[in-house]
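In order of appearance the chains are A, B, C and D, and numbering begins at 1 in each one.
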Amino acid sequence: PHGSSGHPTLTPRTSSISPGILGGNRSCVFYETSHNLKGTMRHKGLLLGGTEHSTILCLYSRCCFGIWNQSSHAVMPGCWDSDKDDCEDPACKPSPIQAFGATILRCLCSSDFCNANISWFGTPAVPQGDGS
Amino acid sequence: PHGSSGHPTLTPRTSSISPGILGGNRSCVFYETSHNLKGTMRHKGLLLGGTEHSTILCLYSRCCFGIWNQSSHAVMPGCWDSDKDDCEDPACKPSPIQAFGATILRCLCSSDFCNANISWFGTPAVPQGDGS
Amino acid sequence: QNRSARPQAYCRLQELMVDLYYENFLIIPKRYAANNCEGPCKLPLSTRISNHSTHTVLLLGMQERGAPLQRSPCCVPVKYSSKDFILVTTEGFKVASFPDLVAEECGCR
Amino acid sequence: QNRSARPQAYCRLQELMVDLYYENFLIIPKRYAANNCEGPCKLPLSTRISNHSTHTVLLLGMQERGAPLQRSPCCVPVKYSSKDFILVTTEGFKVASFPDLVAEECGCR
């Protein structure tokens, strides 16, 4: 299962939200695989259209997040709900987490669509295969 | 206005109270003048009959209290609701309080009807006129 | 009167009498059991104190790892009860209940 | 980062970041503003701190009159809020909200 299929492009609650309360109009990549994910982060922003990867306008922050699994597949990029959780870096420089025998990469970042790609050590994003 | 006129001899709530929860069956004198008194202490015990001075069986303590005004008239004897508020003495040995230009005598005591009379320094109650 | 000098192993409710003799308008009581919460807050809280917050657990964890805290977790009342008093006012006597006068439960906060 | 070494005049909310790097199951965030309550509790409380209890006022009164207290009134969180986290479990990823993780209001207790 891929993309935003099954999600409305605009969640129902958005009708009562004026543009002024958007957190500086940060745009992030949004994507949620339906398998092995419990819960959702889609209510942290306004989901705009898109098939494979959606765009989400953050409601509560100017902060995107990204999570990648061992094979560098994005798991659930989206809007984070706070600017206070170490979201200073404009680029997504992921820190690895070892959990249950797997390596997970994750980042918080503060520029538009910064969670689209992993930014290795601040250099432009490198194709994943080259590093190994 | 004197005595328990106007008060039921047994308050309505007593019907659901079993004798076992009475606080050791302490009996105190109960009396509430209706003038210059706001509120009541009658719900701290079971009011038994009586015209001038009623008897009250304490519900929450084994502690009587007494308050006398400047001319040593009892103002509102009754059951106190706690044994923890300096109620060790079986006799009512009042401490005077100066308030708003008047002297008020008050005591807490822990024997049956100990709040009927002021017990001056542990000696049997002295007729009020003799002291002045 | 129930109090002793021995240190408490963990945060818990202790009897504490408070004098009110200086408050002339209070007739009865002049002294009452207000109680207090005393004793150290240490990990693990869950097995020792039922009333704990995750925030406190995280602060204690920081301390255990050597991070300094400006304010260490503290044993405080987390539930109070009210207390009846008989007062004298310019208009006479009054029975009144005051909230938050007796500490009933303690927790680390 | 917003914290300074200057002492606080009265009990109030201060920013405090808590590290969660040691909790491997937590994916995002690894660090969050848990905040803490800091500063002295002194009389009069009412003009300085909106959230105070009468019990605390009496304890502070005892101290002012020279009576020793086993536990002095303490500046603590009296209201918390929850915080969302993304976790990894054996079954995959999970968005979860945990209560009592952020100190929101302070009081003397």
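Methods note: a residue touches a chain if its C-beta (ideal position, glycine included) is under 8 Å from a C-beta of that chain, and two chains touch if they have at least 3 such contacts.
If you're wondering where the values come from, they're calculated on a predicted model, not measured in any experiment.
Novice: To get from chain B to chain C along touching chains, fewest steps?
Specialist: 1
Novice: For this structure, which two chains share the highest number of contact pairs?
Specialist: C-D
Novice: Distance between chain C and chain D based on Cα centroids, please, to the nearest Å.
Specialist: From the centre of chain C to the centre of chain D is 17 Å.
Novice: Give, as an integer number of Å, the spacing between the C-alpha centres of chain D and chain B.
Specialist: Centre-to-centre distance between chain B and chain D: 46 Å.
Novice: Counting in whole Å, what is the centre-to-centre distance of chain A and chain B, each centre being its mean C-alpha position?
Specialist: 72
Novice: Please list each pair of chains that are touching.
Specialist: Applying the touch rule to all chain pairs gives A-D, B-C, C-D.
Novice: If you look only at chain B, which of its residues touch chain C in the complex?
Specialist: Those in contact with chain C are residues 35-41, 65, 67, 75-76, 80-82, 84-86, 95, 97-100, 104, 106, 108.
Novice: Using the touch rule from the top, collect the residues of chain C that touch chain D in their complex.
Specialist: Per the touch definition, chain C meets chain D at residues 3, 14, 16, 18-19, 22, 34, 36-39, 53-55, 58-59, 62, 65, 67, 69-71, 74-78, 80, 98-103, 109.
Novice: Which residues of chain C touch chain B in their complex?
Specialist: 17, 24-25, 27-33, 84, 86, 88-96
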